[in-house]
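What follows is a set of structures for review.
Each of the next two complexes has subunit A plus one other chain: subunit B in the first, subunit C in the second.
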Partner chain A sequence: MDQYYSNKRIVLLFLLPALVIYVGLAVYPIVQSIVFSFYEWNGLQGVPMEYVGMNNFGSMFRSAKFWLSVKNVLQFIAVNLIFQIIIGYGLAVLLAQNRPGFKIFKTIFFFPVVLPLTATALLWKFIYFPNNIGVLNQLLNAIGLESLKTGWLINTKTALNAVSIANVWTGFGYHMVIGFAALSAIPDGIMESSMIDGATGFRQFFSITLPMIWESMKISFVLLITGSMKNFDIIFVMTEGGPNGATHVPSTLMYYEAFKYDHYGLGSAISVFIFVASLALAGLTIRLMRRESVEY
Partner chain B sequence: MNKRRHSTKWYFLQMGYYAFMILVAIIMAFPIYFALISSVKGNTEIFSNPFVPTVSPVFENYPRAIKTGHIDKSFFNTIYITLSAVLIAMLSGAMASYILAKFRFRGRAFIYVFVVAGMMIPIQTIIIPLAFYLGKLGLFDNHPALILLFTAFQIPMTVFVVTGFMKGFPHEIEEAAVIDGATHSRTLFMIIIPLSAPALVSASIFNFINIWNNLLFPLIFIRSAEKQMLALSLQSFFAERGSDYGGVMAAIVISITPTILAYVMMQERVEMGLMAGAVKG
Partner chain C sequence: MFKMRKVLACLMMFALLVTGVAFAEAKTEITILTRWSGSDPMADYLDNYILEFEERHPDVKVNNISINEEASYNNKFKTLVATGDIPNVFYLPGIASLVKYAENGLIMDVSVLFEDGEWYNGFLDGAFDMFDFATYGVEGVYAVPFAATPEGVFYNADMLKEVGYEAFPETMEEFYVCMDKLLEKGYVPFAPGAAETWRVGHLHNQLLYKWCGTSKATELGARTAKWTDEDVVQSLAWLKDMNDRGYLMENCAGLTLDMEKTMFFTQQSAMTCNGSWFIGDITAQGELGFDVAFAAWPYFTEREENKGAVVQYPQNWCLKGGMEGAEYDATVAFVKEYTGRDNQTRVTAEKGTLPIRKDIDYSGIELNDLFMGCMDVLNNATSQAGDSFDYDQLSSMQDVTRNNIVGMLLGNTPEECAKAIQDEIDTNG
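Here is the complex of A and B:
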C-alpha cells in the first residue's frame, strides 16, 4: 500500500489539471496585477507600456474620488456587518426555538441568497424609484409618512444606505443558516442545566449561547467584511457608483478607471489595494475575535 | 409543568412570535411577488398599483423580453457555461483532492494551503491582467476560455470541501481495490469519486450558484449579445430599454426561476452546499 500512496507519477498526473488551471488563471494574474500597477498604458491592446514606478499609487492616494470610495466601502461594510449579524443571528435564535412552521420561515428568509444579484438589484431599483412611482415611496404615502419620500438612489444622502439595505436583504439569510446550524449543535443538556441554575433570557444568551456560537460568528464576520469589501454587482447594477460618486467603492472605481477611462495602471493599483485591504481586514477580524474556544 | 394550561401571557407571546415572523416573511417575499405580478402587467399599471395583481394579465412581456433582450440565447449559454465549469471543477478538483487527502509526498501541506488560499482572491484583483492576456490571444467572446476562468475560481472551494471529506476514508477501501488489481485511475473513478458524492454535490451546488449569478466575468469577457450570459443580458436589457418595465420584470422572472426551482427542490442540499465554504462540508 505504501507504494500505492507514494507513486510520484500519479501524484503529478492527478494534481496537474487543477493546478494548471488554478495557477494559470487565478494565481499568475495576481502577480501580473502587481506588476501592472507599476506601469501606465491607455488601452488594453497595442499601446506601449511605460514604467512609472509608484506613480499609480501616488495618484490613487492623492485622488479624492479614491478616498470617497474607501469611506463608502467602510460605511457599506459597517451597515452590512451590523444589520446582517443582528437580523441573521436574531432570526436564527427565534427559529431555533423550533416552533411549528419554523422550516417554512427559514426557507423564505434564506431564498434571496440563491437569487442572481443582478435580478435582485434591479428589483430593488424599482422599489427605490423616485417620486410617486417607486414602491417604497408609495408605501410611505399609504402609511402617512409622505415627508420621508425621496429619490432614494438619486439623493446623495440616501443612495449608499439604500444600496446597503438592499444588500442586507440579499445576504442575511446566509448568516441566519450558519447561526441556526451552530445553535442546533449546542447540546440540550447545557441549556437545561443553565436554566436550573437560574439563567434566563438575555443572561443565558450572553453567558451560554453566545460563547457557544462564537466560532460561527467569527466566520460570519470574516465573510461579511471580505464579501462587502469586494462587492461589485449590486452597486454596479443599482447606481453605477452615482450619484456623483456617492456610491462608488474601490471595486466599481477600479472598473470605471480601467475599462471606461482606459487608465489601466491606476485600475491595477486600485485592484492591488482591494486585495491587500481584504486580506488585512480578514486578518484583523480573526485577531480581534480570537478568544478561548469553548469545549463541550 | 408539562400539562399546565397556558397563561394569557403565553398566548400573547405566541401571537407576537408569529406576527413578527410573518411580517419578515412578507418583506422577504415582496420583491419576488412584485416581479411576478408586474411581469404580466402593462407599463403604466406596474407603478399605478404595485401591490395587487392585475385583473387583466398580459403575457406579451415575455416574448418581447426574450426577443429583444436575447434572453433565450443567453439562458442556454449560461446553462452550457455553468454546467461545463461545474463539471471540470468537479473532476479536476476530485483528482487533486484525492492526492492531497491520501497520498504521501513532500510539499503536500504546502500545495493544499496554496490551493485553498485561493478562496481569498477577489476576482476584481485579477480582472485587468486577464482582460489583457485574453485580449492578446483573441479570446474575448470565447466560451471555452470563460469556462476555464470560472473553473479556476471554483477549484479552491472544491478542493477544500472534497479533501476534508476524503480524509475520512479508511485505507481498506483502496487495499481491496489494489488486491483486485485496479489501477489508480480505476480506483479513483470507480470507488473514490462515487463515495465522495455528498461532498462533490455540495461543492458543485455552491459552484453552480456562484457561476450562474456572476456578473463581472461576462461583463468584461463577452462582447456580443449572441454569446452573452443571463445576468449581463438582464443588466444590459435594463440599461438599453429601462422604460420597458414589463419586459424587464419578465426577464427578471425568467432569470430567477432556475435558482428558485433548484432551491425549492433540494432545499437542504442547497443550504449545505452554500455553507460548505464557511463550515467544512
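Here is the complex of A and C:
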C-alpha cells in the first residue's frame, strides 16, 4: 500500500475523475460568476459582453432592494438557527433517553426532511392562504381568535416569518438526527461517572453533554447558515419574493436580476456576494464556536 | 487477401447504402416554443395542427417544446437565447422587449412575407402595426399575430339582473353604483387572483387607458410621459379606490388565478376582468347554472374621448432570424398556414378564439354571445393597447409595475406606487 501512496502519479490518477467533476461543476462556475460580475451582458448570444469594472457591485450596494434582501436573509438565518437548533437538539436529547415508544417519533420528526421542498412549500402556502381559505385562518376562526387572522404571505409584517417557520418545519428533523448521533456517541461510562460525581439534570447537560456534542452543533450551525444564505426554493415557491419585493433574499433577487431583468452582470455580482458572505459567516461561526476538543 | 478485399468492398457498399438512405430520409427539423402545453385549452389543438402539418409536409419534422408555466417558459426561452439555440417559432410577450432581438438579428423581419397578398391582405387592418419597430429606430416588422384578444368584463348576468341591471353599466359612475348594489346583496364584485400579479396589472391597464387614453402607454415607453404624472397617478388612484371600497375581494393579493376562476364559476364573485381567451375556460366548465356575458370596461364620463380605448394583448409569434433554405421554407409555411384563412376559420370554430383575419368563413360556425360580445368590443374600438409595459424596453418593468400595484393594494399610496415605478426607470433606463 505504501508503495502506491509513494507513487504520486497513481495517487493523482485516482483523484483525477473526482477532481475533474468538482472543478467542472463547482470551481469553474464560481470563477465564471466572478468574471461575469465585472461585465454587463444582455443575455443574447453573439452580443459581446461589456467590461464595466466594479459598476455592478456599485449598483448592488446602492440598491435599496439589495439591502432589504440582506436584512431579510439575516432575519431568515436567525429564525432558522434559533428554532432549528433548539427544536432539533431538544428533541434529540428527549429521544436519546430511549423510552418505550420513542422510536416512532424519530421517523415522524425526520419525515419533513425527506419531502420535496417544493411540495412542502406548496403545502404551507395552502396553510397560509388569506381570508377563510387557509387552514391557519380557519383554525384561528374555530378557536375564537378571528382578530389574529391575516393574509400571512401578503402581509409584509408576517410574510418572511411565515416562510421561515415553514423552513424550520422542513429542516429541524435533520439537526435532530445529527444531534441524536452525537448524543449516542457519548460513552455511557462518562455519563455514569458524572452522575456519581453528583452532576445531574442541567448541570450534567451543560458540563458533560453539551461539550461532548459541541462539534456536531458546530456542523449544524455552519450548515444552517450556509443553507439559509443560499436559500431560494421555499421563498420562490411561497412568495416569489413578494409582496412587492418584501421577502426577497439575495438568491431570489439574483434570479430576478439575471433571468427576468436581463441584468446578468448585476445578477453575477449578487451571486459573488452570496458566495463571499457564506464563506465569511461560516468562517466566523467556526471561529466563534472554537473551543478545546473534548477527549474521552 | 482477396477475400479480405471483397469483405471490405461489401462493407463500404453497405455503409454507402445506409448513409444514402439516411440522407434520403433526412427531414428538415424546426422547433416551436409556445405556452400551449399541459392543461392549456390550446394544447390539444396545437398537437393536432402539428400532426396535420407534418402530413402535409412529409419532409418536415416539428419539435414542439412548448411550456405552459410562465416562469419555466421564460427560463427555457432565455437559456435558449443565451446559448444561441433559438426556436424557429416562439411566443414572446411584449412589444418593445422584442426590439433588442430585432436589433441583433435574432428575429426575422416578416415584412418580406407581405408579398403573398392572399395571406397578408386577409389580416385585420393594422394587425401588424404593433410590431413595426420604426418608432424604435429599427426598420421592419418583427412578429406575426395569430389571434385577437380584446379584454373586458365577463360578468354573471343573473347577479346583475338581481340588482337591477339588464345591461352592463356603460360609465364608471354607473359601474360604481352597480358594484355598491352587489356589495349590499353580499356579492363580491371582483376577486382578482392577484398572487399572480398580472391580474391586477390588467385591471390597471383598463383604468389607465379609459382615463389617459391608449397613447399613454407609448408615451411612458418613449419617456415623454412619467408614471408620476398627475393623470397616471390618478389612474392608479382609481384602482386603489375600487379596492378601498371593497369592490375587490379582501386580501385579493393572496388569491391565485385558479381561486379567482373558482369564485366566479361558483358565483362567489360577480365579475372577472379577462381577455377573450377566457371563453375557452367558460366553455370547458360545461353547464354553469347561470348566464355569463361580456362587456367593454366602462368609461369615465369626463373622459368620453377614451370610450373606445380597448385593451388588446399582443398574441404573436416571432420567427428566428438568419434562416435559409429548407429551414426557412418549413418555418414560414408553419406560421403562414396557422395564420391563414383555413386554419383561422377552424380554430375559431373549434376553440372559440377570435381570429386575427377578416376573411373568415363564418358559415357553419356556431358563434356564442361571448364571442359576439368580444367581436363587438373589438369592432367598436377606436384605439388599442396591450400592457402598459409592453411599450417599454426595460425588462424589469413588467415586474416592477405589477408588484408596485399589488403593494398599493396592500397599503401604499398611489403616489408611492407611481414613484417606485418611476424610480426604476430613472435608475435603469
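Everything below uses one rule, namely that the second predicted complex is superposed on the first by the 275 of 296 C-alpha atoms of A that agree within 3 Å, B and C clash if a C-alpha of one lies under 4 Å from a C-alpha of the other, contacts with A are read in each partner's own complex, and residues count from 1 in each chain.
As a convention for this text, contacts are C-beta pairs under 8 Å (C-beta built on N, C-alpha and C of every residue); 3 or more make two chains touch, one makes a residue touch a chain.
These figures come from a predicted structure and were not determined experimentally.
A.B. asks: Check the residue A:F259 against both partner chains and state whether it touches subunit B (first), subunit C (second), both, or neither.
C.D. replies: both
A.B. asks: Which of the two partners, first being subunit B and second being subunit C, lies in contact with A:F129: first, second, both, or neither?
C.D. replies: A:F129: touches subunit B and subunit C.
A.B. asks: So in the superposed three-chain picture, is A:V47 touching just subunit B, just subunit C, both, or none of them (first/second/both/neither)?
C.D. replies: Only subunit C is touched by A:V47; subunit B is not.
A.B. asks: After superposing on the shared chain, does subunit C or subunit B touch more subunit A residues?
C.D. replies: B
A.B. asks: Per the contact definition in the header, classify A:P17: touching subunit B only (first), subunit C only (second), both, or neither.
C.D. replies: first
A.B. asks: Is A:G242 touching anything from subunit B or subunit C once the two structures are fitted on A? First, second, both or neither.
C.D. replies: Only subunit C is touched by A:G242; subunit B is not.
A.B. asks: Regarding the shared-chain residue A:F111, is it in contact with subunit B (first), subunit C (second), both, or neither?
C.D. replies: In the superposed model, A:F111 contacts subunit B only, not subunit C.
A.B. asks: Considering only the touch criterion stated at the top, classify A:L153 as touching first (subunit B), second (subunit C), both, or neither.
C.D. replies: Touch partner of A:L153: subunit C, not subunit B.
A.B. asks: So, A:S268: does it touch subunit B (first), subunit C (second), both, or neither?
C.D. replies: first
A.B. asks: Tell me which partner A:V93 touches in the superposition: subunit B (first), subunit C (second), both or neither.
C.D. replies: neither
A.B. asks: I'd like to check the shared interface: which positions of subunit A are touched by both subunit B and subunit C across the two complexes?
C.D. replies: In subunit A, residues 44-45, 129, 133, 259 are touched by subunit B and also by subunit C.
A.B. asks: Within the complex, which stretch of subunit C touches subunit A?
C.D. replies: 74-75, 78, 81-84, 100-101, 104, 106, 195, 197, 249-251, 253-255, 259, 395-396, 398-399, 403-404, 406-407, 410, 412
A.B. asks: Given the complex with subunit A, which residues does subunit B contribute to the contact?
C.D. replies: Touch residues, subunit B against subunit A: 14, 17-18, 20-21, 24-25, 27-29, 31-32, 34-35, 38, 47, 50-51, 88, 91-93, 95-96, 98-100, 102-105, 111, 115, 118, 120-133, 135-136, 148-149, 151-153, 155-156, 159, 171, 174-175, 178, 184, 188, 209, 212-213, 215-216, 219-220, 230-232, 234-235, 238, 245, 248, 252, 255-256, 259-260, 262-264, 267, 270-271, 274-275, 278-279.
A.B. asks: Using the touch rule from the top, collect the residues of subunit A that touch subunit C in their complex.
C.D. replies: Answer in residue numbers: 42-47, 128-131, 133, 151-156, 242-245, 256, 259-263.
A.B. asks: Touching subunit B in the complex: which residues of subunit A?
C.D. replies: Within the complex, subunit A contacts subunit B at residues 1-2, 4-8, 10-11, 14-15, 17-19, 21-22, 24-30, 32-33, 36, 44-45, 91, 94, 97, 99, 101, 105, 107-120, 122-124, 126-127, 129, 133-135, 138, 169, 173-174, 177-178, 181, 216, 219-220, 223, 226, 229-230, 232-233, 236-237, 251, 254-255, 258-259, 264, 267-268, 271-272, 274-275, 278-279, 282.
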